[in-house]
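Given below, in the form of C-alpha cells, are the structures.
Below, subunit A partners subunit B and then partners subunit C, in two separate complexes.
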Partner chain A sequence: MSLAADAFVSQMAAAEPWPESATLYQPLKEDQILLSDCASSLAVQAYLRMCSLPVQVVCKANAEYMSPSGKIPFIHVGNQVVSELGPIVQFTKAKGHSLSDGLDDVQRAEMKAYMELVNNMLLTAELYIQWCDDATAAEISRPRYSSPYSWPLSNILAYQKQWEVRRKMNAIGWGGKTLEQVYEDVSQCCQALSQRLGTQPYFFNKQPTELDALVFGHLFTILTTRLTSTELAERIKSYSNLLSFCRRIEQNYFEGKSS
Partner chain B sequence: MAAPDELFCWEGDWGLPSVSTDSLVVLAYAQFAGAPLKLRKISNPWRSPSGSLPALRTNQKETLSRPSEIIIHLRKQKYNADYDLSAKEGADSLAFISLMEEKLVPALIYTFWIEPKNYVDVTRRWYAEHMPFPLNFFLPGRMQRQQLEKLRLLRGDESLEAGEELEKELYRDAAECMNLLSQRLGSHKFFFGDSPSSLDAYVFGHLAPVLKSKLPNGKLQQHLKSLDNLTNFCTNILLLYFPRDGRESSSQKTSPQPEAGDFDHVPNKRRKQFLSALVALGAMLSYALLSGMVSIQHVQREALEEPPDMQPIGSHDHEEEGDD
Partner chain C sequence: MGTVHARSLDPLPMRGPELGVQADDIEALDIEQEPKQEVLENKDVVVQRVHIDGLGRTKEDLLTYEIAEVFRARNLIDVMRKSHEARQKLLRLGIFRKVEVVIDTSRGEDALPNGLDVTFEVTELRRMTGSYNTMVGNNEGSMVLGLKLPNVFGRAEKLTFQFSYGTKETSYGLSFFKPQPGRFERNVSINLYKVTGQFPWSSLRETDRGVSAELSFPVWKTNQTLKWEGVWRELGCLARTASFAVREESGHSLKSSLSHAMVIDTRNSSILPKKGGLFKIHQELAGYTGGDASFLKEDFEIQLNRSLFWDSVLSASLWGGLLLPIGDKPTSIADRFYLGGPTSIRGFSMYSMGPQSEGDYLGGEAYWAGGLHLYTPLPFRPGRGGFGDLFRTHFFLNAGNLCNLNYGEGPQAHLKKLAECIRWSYGLGIVLRLGNIARLELNYCIPMGVQSGDRICDGVQFGAGIRFL
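What follows is the complex of A and B.
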C-alpha cells in the first residue's frame, strides 16, 4: 500500500532489468488460501504474464505476515519487495514494462476507474461473503485461514481476522447489508463490466491492460472456487461475454505456458 | 404521493447548501432529478430519524441514510437523473463513483478530520458552533474518532496517526483521482451530455467542500484550483442549482455583526447565558446550604409547620357545621 516507499522503490528499480529469479508469494494453495486472496494473486500473475515477465509462485503459510502491507500477494524482485497489484504495476512500469502506454488520457482515467470498481465492489463482496456470511465463515473461511496453526492459536487468529473484516464492513456501510443485497451489488458490477467490454476481446481494444488482469483474476477465481452456495458464480455466468473473456485470457496466457 | 419525503441534512456554510459531502451528494441529486423533498437543514444529528445525517424519511415512514440508498429510492419514485444515460454511461458512472470512494474519500477524511490544524481551526469549530448546547462539547470529538477509525480500517493500519508520510500518500491518490476526473470531464459542462446525472452529484458533493472551505492546510484545494474545468464544474452547479445558498451565506455572515470578532458569533447565546447563570446560582446556593445556613432553613420549616396544625381544626369546624 505504501506509495511513498513505492516511489522510492521505483526510482531504485529503474536501473535494474527484471531478473529471472523473481518470486511471487501467496498462502498455501490447497488448504489455506481464501477466495479474495486467490483472486488478487491470480490478477498479479495474469498481469505479469501479460507483460511476459517470468515469476515463480511460492506458497508460504505465513505469506500474509511476510507482506510489507499485510496484503496478498507480494513479489520479491532482486532486493525489493512490492505488494498488491497497483504498486506492482507502478513497479514494472519503472522497469519499462507497461500495458497501458497505448491509451489516451480519457481511456487511462476510465481504466483506473474500472479497476477501482472491481476493488470497491467485487473484492469487498468477496470479503463480505467470506467473513460476514456465517455459514461460509464457519465452514470455509475460518478452518482454511487457520489451517497451518495448532488449536488455541488457530481460533484466535481466525476470529481476529473475522472481527477485523466485520469492523471494516461496518465502517464502509456494508455492515447492514444482507447477503442478497451483496449479490445484487455483484450483479451490478458485472453488468457494468459486461457493458464496458461489449464485444471487444479486451477492455481497451486488442491489447490487454492491467484492468483485464484484475477482472480476470477475480472472475476466474469466483467461477472456479467452490463455496457453500453457487449463487456468486451463477451471477457471473449470466454474462456470456465475461465468460468468454475469462476463457480467452486463460487460453492465451495460462494454458500454453504453464505446461 | 400524499406527503413528500423529508430529507434531513447538515446546514450549509461557506457558500454551500450543506457542509457534509454525503448531504451534498443527496441534495444535488434531488435537485438534478427535480424531486420534491421537504428539506430540513439541521445542525443536530440527534434530531435526524436515523441519528446521523443525511437521512431521508419516506412517506411510508421508512428511514434511509446512505446516499446510494436514498438515490435508489428517489429513482424508484421516478425521479431519475440518469434516465438519459446509455448502459455504458451507467457503467462508467459506477466506475468513477468507485474511484472516488477508494482514492478521494480517504484524503477528504484526512484533510477535514485528521489533519490537526484543519480539524481544530475549521472542522471542530464549525460543528461546535453550530450544534446545540450540550452536544457541542462531545459530538465533534466523537465524530472525529469515528472518522479516524474509518480511515484506519480503510487503510488496514491500526495505529495510523496524522503525519507527513500519510498525508503525502493520501494527497497523491486524491490528486491523481482529481486529474482523472478532470480528464474524463474534458471541456464538457457535465460528465454525460447536457444534463447532470448521479455521477455529477457525487463529484460535486466530494469536490465542492474542498473548493469552498477555508482550511489552513489547503493542499487539496490548491490542486483542485489548478484544474480549471473541475473548478468551473463546481461553481456552475452552485450557480445553476443552488443559487440561493451562495447569496444566503454571504449575507448571513455580514448581516448580524459585520466581522465583529468570532466570539459574538456564538449561536444560542441567550440560552447559554441563562444556563451558565443557573449553574452559578446552583453552586452558590449549595455552598450556602452546606456551610451553616442549614439551621436557618430548619427554623423556617418549624415556623411553616404551624399553619398546617391549625388547618385540621378549621376543617373540623367545617365538618361540624356540615353535621349540624
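What follows is the complex of A and C.
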C-alpha cells in the first residue's frame, strides 16, 4: 500500500468509531480457502479479537477479487474497505485501537522485524507448498481454488494462479528450492520465534501484539490443516513453547466467545 | 452483332456482414432497362456458354450456383437482366474487386445461330488486405486495425482479425465466416474475442473473453440468427471508491448461452429512414449449456417511420426487455439492462437511471422505453442535395422506465411498477448522419419525471451512437 493511500485511510478512519456491523471477508471455509489465505484471515481475526473489535466473518467465493489489493482477507467497516493485516493494523490504530502502543521504539522495530520474518518465511513457504509442490497443487490447491467455478473456467483460473505464484517464487529466488529446503527454512523460522518467545506468554511479555496475532494465525492454521504430508506440522510440533502459545491464544480469544 | 456491356447497371446494395460504406440514399435502381437492340427484343436466344475469366484461387463450383440462372434466359433482355443479377450476386460474395459482363454471339463449331456466350470478367481481391479506421460507438471512439483474408479457401470464406485501441477499451477479435454456396444469406460464423470495457456510471471494469458460433438464415421476410456463446467474464472495480454493491459483483464468471434473434427490416436506411419499419426480437437463455450464469433474457425493438409533408418524417419507436434469473442466484450486473443517455432517453446522463448504490448504477431487470421523433430538413435547407442532406433537425419526446422486479408479486404488480414514476424528456436538436452506421446528435433536452438518484443532463447534450431510440 502506498503512503498516500495509507494517509488517506488513516484520515478517513479517524472520523468514525468502530461500528457493530464490521465484516471480514474470506473465501468459502469448507471447500475453497487455502492454507495461506486461511492463515492470513485467522491472523486478522485474532488481531481484531485481541483489540476487542467485533467483526462478522463472511465467506464469499469471490473474496479474492473483491479485495482492493487482491489479497485475503479484507474488512468492510462503515464505507471503508481495507485488506491485509498491515493496513488493517494501521486502520484500527487511526480509530484509536492499538496493541503496540505500550512498546518502545526498539521493541516496535523488533516486532516489525519478526513480522517480516513470518511473512517472508512462513507465508512464502505456505505458498510454495501449495502451488510449487506438484502433489499438493494437484490434490488440494487446484481443486479447492477452482471449486466455485464451472469447467473450463475452473481449470483456467487454477493454472493461472499457479503460474502467477510460481513466477513470484522464481522472482524471489525460491523457484530452485526443494521441498526439503523449504521445510528447513520453516524450522529455522520457528526456532527463531521459539527463542524469542522463550517462556513468556506473548512475544512482548504480558500483552499480545499484532506479531502474536500473525504468528498464531500461521502456526495454528498449519497445525490444524490436513495437507498431503504432515511434515510441515511436524516441524512446528518440535517447538513445545510455540504449541502452548497457540493453545493459549486459542483459549483466551477464540474459545467461549466464538461468534 | 456487337457486344453489350452490362457494367452500367450499378450500384448494388451491399448486404450481409460486411460493414462497408453503403450507397444508401440512392433509391434501388429498377433493373428493367430499355432494350438497346430493338431487333433482338423478342427473338428467342439460347445461352450456350458462360465463361468466367480471371479466376485465381476461387473454386468454380461456388460460382456455378451464382450464374446458373443465366442459362435459363430465353431472350436477350432476359439474358441482360439475369447477367446483371448474377453480377450482383458475384459482387456480394465479397471476393471480387470488379466484375464485368460481356455478352456475345456464340462462335465455334457447335454454335447455334441464336446462341449467346456470356463472359464474366472478374478481378479477385487480394489474398490479404489490411485496413485502418476509426470507429464511433456509444459515446466513445476507437482506432481499429484490421487484417482481412477474403476467400481463404476459395469458397467465399472470410477470415478477419481486428485489433482496436480505444479511449475506453482495448480489444481484439478473430472471426471466420462461411456462406452456403449459392445462398449467401445462409451463413455460419465463428468468433473469438477479447473485449475490455470501462463503465464509469457503474464504476465497473469488465473483460470478456469469448467464443461464439452463429448461424444466420432468412425465413420469409425475416432474418433469423441462432447463436451459442461462451464468455469468460471478469468484473472488477474501476476505483477504490466504487460502491460495495459493485465490489460484491467482482470476480470471474462463465456464461454459456443460446440465443435467437429475429429481424424484419423494411426501412430504406438504418440511420435516418424515410419509410418502413424495424422489428427486432432477441432472446437469450443462459445456464443450460454450462457456465454459472443462469437467466432468460428477452428484448425487443420496434420502429416505424412515416413520411409527412415537406420531407419531414415521423418516427416512433419502442424498446422493452425483461431479465429473469433461473435458480436462486441473483442476476449479474453485467447482464442487466441500462437506460438513459443521449441515444436512448435523452436528457439523462449515460446509463444513469434506475437502481443504484452510492452513485453507481446497478442496472435493472426490466425496462421499457419509447420515443417519438419528428425529423425535418434543416431550416432554409442549406447545402440541399449535398452536404446538407446529412443533417436533420428533430423534435423528440422520450419516455421510459427501468426497475428491478421482485419475483413474488405476479405480473400485475410488475406492470404497475414499470408504469410508476416514468422518466421522460422532450427537446429538439440536430442530427448528423455518419456513413450508414452511426449518427451524432446535438440536442437541447428538458428531462422530466426525474427520480431521486437519477443523473440528468439538463440543457445541451451531445451524443454519438449506433443504436437509437
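Here, the second predicted complex is superposed on the first by the 255 of 259 C-alpha atoms of A that agree within 3 Å, B and C clash if a C-alpha of one lies under 4 Å from a C-alpha of the other, contacts with A are read in each partner's own complex, and residues count from 1 in each chain.
Definition applied: a contact is a pair of C-beta atoms (placed from the backbone, for glycine too) under 8 Å apart; a residue touches a chain by one contact, two chains touch by 3 or more.
Everything numeric here is computed off the predicted structure, so don't read it as measured data.
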| When the two structures are superposed on subunit A, do subunit B and subunit C clash or fit side by side? | fit
| Does the superposition put A:Leu117 against subunit B (first), subunit C (second), both, or neither? | first
| query | What is the contact status of A:Met66 with respect to subunit B (first) and subunit C (second): first, second, both, or neither? | reply | second
| said: In the combined three-chain superposition, what is the angle centred on subunit A between subunit B and subunit C, taking C-alpha centres, to the nearest 10 degrees? | reply: 80
| message | One more residue to check, A:Asn79. First (subunit B), second (subunit C), both or neither? | response | second
| said: Comparing subunit B against subunit C, which has contacts with more of the residues in subunit A? | reply: B
| task | Figure out whether A:Val57 sits in contact with subunit B (first) or subunit C (second), or with both, or with neither. | result | neither
| Is A:Leu157 contacted by the first partner subunit B, the second partner subunit C, both or neither? | second
| message | Just to be sure I read the superposition right, which of the two partners does A:Leu223 touch: subunit B = first, subunit C = second, or both, or neither? | response | neither
| query | In the superposed arrangement, which partner chain does A:Tyr149 touch: subunit B (first), subunit C (second), both, or neither? | reply | second
| message | Once both structures are overlaid on their shared chain, how near does any Cα of subunit B get to a Cα of subunit C? Whole angstrom is fine. | response | 14
| Those residues of subunit A which subunit B touches in one complex and subunit C touches in the other | none
| query | In their shared complex, at which residues does subunit C touch subunit A? | reply | 232, 235-237, 240, 244, 247-248, 250-254, 290-292, 358
| request: Under the touch definition given earlier, write down the residues of subunit A that touch subunit B in their complex. | output: 1-4, 69-71, 105-106, 108-110, 112-114, 116-117, 119-121, 164, 167-168, 171-173, 188-189, 191-193, 195-196, 198
| said: For the complex, give me every residue of subunit A touching subunit C. | reply: 5, 60-62, 64-66, 68, 76, 79, 81, 149-153, 156-157
| request: Provide the residue numbers of subunit B that touch subunit A in the complex, in ascending order. | output: 66, 87-88, 90-92, 94-96, 98-99, 101-103, 149-150, 153-156, 165, 168-169, 172-173, 176, 179-181, 183-184, 186
